[in-house]
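Would you mind keeping the following structure in view while I ask a few things?
Per-chain residue numbering starts at 1, and chain names A, B, C, D and E are given in the order in which the chains are listed.
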């Protein structure tokens, strides 16, 4: 009934990749804004749950609320696109240029959406800058410093570490994007997507869009992190790691686990 | 199967906006009464869960019971209408006058429904005014004072703060109203709606209809809040913030993320 | 798909009211016995969960098991009928006499079912009268005394208080009965029904059928409550309050929120 | 959609009763083995959860895993058959002899399946007889003694007590077997079955097949219980009580709450 | 609706066995890599949850995330194949040689996938080898030593013990593989699969693929375990036990509980 078999999931993933690559720039940006802001908000909810219970696993069990809303509403995360659009390129259904254009404008949207949410949220937890007692403030500062200075302290090893965490993160996130296609019903989609997103968050991996919110939020709240440290020790290597995780671990492995060569060649020939 | 794709969600949201704007006044008021009373009741359930466990996140996980009942029964919250009806106006399917009429009479219904529930509930927790030991009493008074005097203490910054919290609140609530349209099955609707409503409640944002219950309830129980303080420092800025959040963050962003210009123009032309 | 729109829920509620009013007396009694005993059993499960965890909200989250079984099996609670059958009378589809006959014989069934379960359950927790150390014994005695002597101590205010708690209780329970009709799938029915039943139980409201078990069970275990105190300070005002809550807050409000006058007149005319 | 109305559930229960009575002996035994072993395994999972959390209600919330697997896989418990096959006999669709034959061979299967699992499980928790520190060992011994010597200490009252607990137990378990027929979807079946099985386990009632595992397991681990005490104070009265609970409280009550006399006579006549 | 009856589940299991036996070697390896890495990742999530809460049952309730993702994505575990492919051999639909070929190449895939994940994960928890304070490190070392040296300390009894735990483990895991076929909807598949996988993990049984990750991970982190100890005291007897559990307890028992002899002979004849 509602279950979509894996070979048809591959088809659906490629179709999604094509349509995402070919949408107008304005939609890419608007979808990126919404998705960035929703993911940022979900991050604050997960931190709230972790702080109140003292159990990070509770935050990880709640965090997927944001990812699920993003997917159900058809907005998009560049991290998910890292798996879907390369498949469409591989099949010759869209071009590398369109793929990169999508990545760029969706990231622009994420930066705008995360900035909007973080400005409003920082205003809320600091009561317009009048208070600093909310435990969330210390939490966000600590996370922002850990995600930048923590790696910098390890030098080259830190760069390798953040890259590995980013690869593993987006392996899981893009499994979620693929699993969303495994069901034609909303309850099935929600349950299936929830699983890998809880996994990556519980293991503390690095997600580029979460970091577009939490690091600058920490900086605004007083974290001792510069713009160069944010991008150099985190945002750029995380984007690279997220890309590799999405393309290689999910995109390629899932593609080759189910795509039949004949089908592909036929498609390429008739295209 | 049960999943409704985002562009068809936009259609459904606009249709819902049209039919809500055009219903008879009596239905607006009756639906507003039911929705207001149910949301007020859900607020007391969430407070009960938070007080017993000492974990506000547990209250936030339970709070959506009220929102879900309201949507499944086809009653309506003005906060949800803040996103749905403006889309119908934007598409030329209904008028601004009908929109404002709906807002007014649904709010009237909410005020009646919340007043009915708060009178009965205050009678219950005070045992007809004979006792004041129920921990819920202190909780409601504290919340009512925090939601008014707390902002007043900050002056103009307080007004900005309550407005921001209202904008963020109704961004999430109206995402819930939209997500309810993403599924044609009850289990899918319930799961999808639950997510953003838990999010706003866990973050302590400001919802106009919740406040129509909790602030006057606190006043009746002895909170040192005047009618002017209730409306000036909370109810009016929260209604304004909820409207902006619904119209701009959900209505407009979701609309422009999926609506194709051609479709819209065609509809306008043929209308 | 599985979602039933509110106006069709009204139709379904009226049809259910008609068929419940017109069934043979023997079925009313048998269904009342089963429903009474199942609700009594669910009450003991909820008390067990509350005592073990020290958190009444956990009991409230589990209590709906009984209500859900009752509805799925097509047995019936008089409290639900308080909302459904009056709608059928209002539409001229059945008579007041048949309605009262249903109420009477279903209540007879409840009294038999609750008595059967309480005799067996009291035998179990007292180990055939040989032990009194089970914490459930003290819990049931305390609840039975609170639900009778607790109100008596307040005099006329107590009578008003128990009545208000009964009105609010059955507002929620009958919302559950209506929400069961909002889905054509079992998972949807279960989720939708669960919500308002958890709400009433968590708030400590008064349900006539629960009390038909817990008060006489307490009396049998040694609570200092007479038959007159049971019926005078609880059972009769709770039945009256449950009736008002079902008829007015759910039946009438939901009916007028969705029923179109034309539809009704047509039906009356063609009847 | 997936919801099966109660009168059609009665039909389905009778059909299930017929096909279970008429299957070959070898299938009865094999299904009984699988069901017995799965239920025994689920009992050890529930005990594990209870011991770790110190909350028996957590064990009760997890215990239905076994029952659900048994029903979804179409294997069978004699306790469920106690409700289903007598209905088929009542309708003249199968004979008492075939019913008793089914009961006998399914019980034989249960005894084999429970024995297999308990031998392997006792080997595991005692590390092949080399250790006795696992808290599960003390738990199983205590349960085995309580379920036999505990009743023996009360004499005739103990026999009545174990019988009552068995009647109440299988009332709930057979409601689960009937509720499994209320849905045509797996998610609905699982949710519906879960409820009454959690109820019986949380209340500590007596289930014949659980006891076929836990009492001999306790004996093997050193409980001071003889074969005669196992069967005399528990297994035989529990089988009798389970039979009465299944036949009378679920089978007969549910049958008479929904079966129409005409339908039945027609079926008998045309048979 | 979505429920698949047991005799059709047998058909589906056999068909799955056939297609898994006949796929190209490259797909076996790729699917094995993905499944091994996902299961390894799920193991680390479950350990995280257990460590944070101090309750292993919480880890067991979360662990099935990995199994569910593996099945929904159509990748495969050799442990599941231990039940499915032998049924296809039994029915004459594939050969023993193809079965063994599948087992071999899927295991090769698992070893690669587990090795990839463990290298990356060990890098993460040791911060590229610069820290050893993460409690997960001690946990993995202890588990790796317990799963090898723990059995070696018992000599021949240890070998029997690890074999029994492997038999029981894969009885449950293959019930999960079969239950995944009991539903045609994703929500049903997820719920049904979840149950037996939680059961095996909560009871501490031995799963060959989990061990392909956790033992070498422990060795890399400093566990005093040699390659010979890993394979001799764990990996080889666990593979053998998993095979017996899958073939005998699930494959054969479920097959004979529902397969009709006539159907089978017909199929063999017409083949």
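Here, a contact is a pair of C-beta atoms (placed from the backbone, for glycine too) under 8 Å apart; a residue touches a chain by one contact, two chains touch by 3 or more.
This one's a predicted model, so the numbers in the text were calculated from it and none came from an experiment.
> Among the other chains, which touch subunit A and subunit E together?
none
> For the sequence-identical pair subunit C and subunit D, determine the rotation angle of the Cα superposition and round it to the nearest 5 degrees.
It is a rotation of 70 degrees, to the nearest 5.
> Where subunit B and subunit C touch, do the two copies share over half of their residue numbers, giving same, or under half, giving different?
Shared-number fraction below one half, so different.
> Roughly how far is subunit D from subunit E, going centre to centre by Cα mean, in whole Å?
Chain centroid spacing, subunit D to subunit E, equals 29 Å.
> Determine the centre-to-centre distance between subunit A and subunit D, using the mean Cα coordinates as centres, and give it in whole Å.
Those two chain centres are 47 Å apart.
> Which residue numbers or ranges of subunit E touch two or more of the other chains?
1-2, 183, 185, 187, 189, in rising order.
> Would you mind writing out the residues of subunit A in touch with subunit B in their complex?
1-2, 26-27, 30-31, 33-34, 37-38, 41-42, 44-45, 48-49, 52-53, 58, 62, 65-66, 68-69, 72-75, 120-121, 123-124, 127-130, 183-187, 189-190
> What residues of subunit C sit close enough to touch subunit B in their complex?
Residues 1-3, 5-7, 9, 55-57, 154, 157-158, 160-161, 164-165, 167-168, 172, 175, 178-179, 182-183, 185, 187-189, 191-192, 195-196, 198-199, 202-203, 205, 249, 253-254, 256-258 of subunit C touch subunit B in their complex.
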